[in-house]
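Below, chain A partners chain B and then partners chain C, in two separate complexes.
Now for the complex of A and B:
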């Protein structure tokens, strides 16, 4: 377990900014307690500082996880967001898409979001921006990248893809072996 | 139900039939009577149209009116018990009885089917249907029968033939509206009718047929008699009032080893032995000791339920014999699926509503928990709903709520879950602490800790620290916890309904290994707690096993080794108190504060919960010095290093 290097921090924050924009500040400067990012075996964990301090007592080999895993660094140095970061992304999300009940299961099985399934959309989503996907009851389901801007979405035919799938809650079941 | 209620309304049996068939009307018989009645009626109607209109005018309507009066009232009352009674017997008694009935009946039916070829269809029908009644009633001659029926019908004026057939025609007449559910059988009869209509004049073989059918009746009666005897015998054995039960001899036991009896016989013997054991003074065989009976019972139960001898011994020591059987039976039935609402993400009412909208049938578990729901049935897999994936609930056995309820972690505390995977209890702790403080989730298995991490993340727990140590290392890795939950690895005798392999694969060496491990773990757990904690200082020890070796014995060991802890009330409202003495061993008195849970009494997995309070961090050694114990003293790290 170690703090992130500057490069790593930069890559991570660039990625995070796609989903929550300037709200990253709220992750770092929390009013309640100080939180920090820590790297442990290529995974990035977002954890309260006092927990982090206590975790120093645990050997590197024996430490499995702490706090909330945001994702992992690939071997090429890119950062991959995991579904486990969803609670925080959903909390500070800039761009949101709400999908209708009939689109819930297709999305949770790993499919892209098609126009017909969209119930509501935030205005002014640009193309290729990170969006958080909710169901109509405001429960976050996953996240992805917008395939089109909001304006263009209106013009697409009902089967056209509007949000590319990146991660969804179904991965807790599908990817349990590789995710953790 | 539907059929019966229908019958009540519109198929009153004619009086005389009702009298003949006292009590023993099976549904099958009833149906047959109906079918045959319909058949005869059809034949008759053609004949009657010719004869009856000429002679009696409305002879057919008169008896109908007669019978309609008294019949329905008696009928309704009589039929209900008659239908239910055979079912009960069939349960208690042997299939052979039913089979023989089937055979005999089908014989008769065959004859009936053959009849048209020979000619006189009516005769067969008549005697046949009487035969049915006869066999129950003991009446033999057709003449008597005819007389009785004519009296019963109260129709003296009409012609002989008509009188004879009247009751049946009545029945048929009334059941007219019931035809729709008579189904295929009736249709086939109808076909027969059309055939036989042409042959009706041909009455030469009438006598023959009558004889034949009587013979059939006799054979049938014999069968019935046999079946009844068999039934009675079976009942006698079940009731066991009259016959003294005898244990099988040593030779028999030897024989059975090679060629085991079938299960129903063994079950019967188990019941017998239990009955004897429960009333030993009166029912015993003077030459046999209680141990002989117990040995036989053990052998039979091992065979019947599939346990190994060792485990059977262990479990029989825990319970009285009849309770043990309940326990074993409960182990054959799956416990209800229960889920725990994740209060970090959802409220129980909203979750219940969401699941109900998916067609799930559920109910709160009980008054003792505010987060549990029992799922009765679900059209969707309960472990793959969007709510589950969103982390709103966790599938968790009701029993594994208990240690956490007892531990009652408070906000901002530092809590250790020593063997945490797959994380049901850990996440419950975190939920109770509202994601404040720290939950250290430890599990010795790396594979299982994967599932633990997955569950922790899915349920949105952010105050957890997951590590992968042998629990016995604990106060050295990290200490000073406010509360420690030790859900010790165990033999799993409480969860046999979930994992039946326990029945056979646990031997004495497993128990020895497990109990030693548990004793070491409990010392580590106790030493990891900070007694000076302002809010805590508690240790909860739980197992999903019901054996005393893994429960009370371990707790008693901990009490003797660590005088700085005492048992406190588990704060669980139900469950049985733990044993304070067991088979000559006596434990500390305070062990009555621990709680045991059984599958057969609480309908949850077998479980044991003990709660300690740590009084001081130091214990007094022999030479008046104070030491702070650090675990059980097992050196695991070095072993590990050598292994790597």
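Now for the complex of A and C:
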């Protein structure tokens, strides 16, 4: 376990900013308790500081996980968000997409979101921006990247892809052995 | 009269001239050698020293006898007081001591000349100097192209500046030609050196640069521990970078994160590429210049981009 270097922090924030924009401030500067980001075996964890202090007693090899895993750094230095970060993303999301009940299952099985399944969309989503996917009962299901801006979404035919799938809650089952 | 007894006695005194061999012996008369590939008598070889010695001596005598027999079949040349046998050309090829020299890689010009079919023309080293009325070397010491042998009059070209020293121009042109040739020479040398290890000159330079970089990394007082990391920097073994502490002082990490966030949020990824302060200064200065007078339009345009 170690703190992120400046470069790593930058890459992480750039990725996070795609989903929650300036709201990253609320993750770093919390009124309740201090939180921090820590790197352990290429994975980035968002962890409360007192827990992190306790975890320093555990050796790098023995430490499996701590806090909430936000994602991992690939071998090429890019950052991949994991589904485990969803609660925080959903809390501060800038762009949201609500999908109808008939679209929930296809999305939770790892498919892209098609136009026909969309119930509601935030206004002014630009193209290729991170969006959080909710069902109509406002339960976050996962996140993805907008294939088109909100304006263009209206023009797409019903089977056209509007949100590219990135992660969904189904991964807790499907990728149980590699996710953690 | 029976002479068989005498013949027998005479025969007994000398070794036989005819030698029998199971496999015919090969000769290379050109180098006076014969090659006997018949099996040796194993028992004789393993016997005690005296027997072995006589066996080996007999063997070599027989071999020599065969060679001499063969020599006598050769055509002879009779001189005043002696007879020679003319030896044929030797057929045995001796392996060379040193490896065959490698073929030199072709220079760029040689490659080009080969494609174009340009033949090398022999040009005499000496040229007749009509002014002096004598033969002089084309170049080098006392050569015709030397600076000391300049023409006493030089035409000033129509387009040239009349106050320009044409002799100086000549000197500079020659210097440039020499330098250009040296650069080409260097390039050819680099290319041929890289060819042996299968690298292009560009790759070689890159490799050298990388190794120099690694060296310089470990050359600071702290052995590169506090150096800023470069983009695409090679990984150096044994070099430990200074990392931020695992558990820092309260608020330090937070303020650092906020600072990085500020950079990220301001202009996304381009935040680190564009130096805003510098760009601002460039724009301001160009504005000032525009206000002062014309002639700065192109310059200001270029500087306005403000990229580092």
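Methods note: the second predicted complex is superposed on the first by the 180 of 180 C-alpha atoms of A that agree within 3 Å, B and C clash if a C-alpha of one lies under 4 Å from a C-alpha of the other, contacts with A are read in each partner's own complex, and residues count from 1 in each chain.
Note that contacts are C-beta pairs under 8 Å (C-beta built on N, C-alpha and C of every residue); 3 or more make two chains touch, one makes a residue touch a chain.
Source: prediction; values computed, not measured.
In the superposition on chain A, contact is made by A:63 with chain B only, not with chain C.
In the superposition on chain A, A:136 contacts neither chain B nor chain C.
Counting residues of chain A touched by each partner, chain B versus chain C, the larger count belongs to B. With both structures placed on the common chain, the touch criterion links A:151 to neither chain B nor chain C.
According to the touch criterion, chain A has no shared surface contacted by chain B in one complex and chain C in the other. Chain A makes touch with chain B in their complex at residues 47-48, 50-51, 54-55, 57-59, 61-69, 84, 87, 104-105, 108, 135, 137, 139-141, 168-170, 172-173, 176-177, 179-180. Those residues of chain C lying in contact with chain A across their complex are 229, 243-248, 250, 253-254, 256-258, 260-261, 263-265, 268-269, 272.
Listing the residues of chain B that touch chain A in their complex gives 354, 383-384, 386, 389-392, 414, 438, 440, 446, 449-454, 456-458, 460, 462-469, 477-478. Interface residues of chain A facing chain C in the complex, by the touch rule stated above, are 1-3, 5-7, 9-10, 13-14, 17, 21-22, 24-25, 28-29, 34, 36-37, 52-53, 56.
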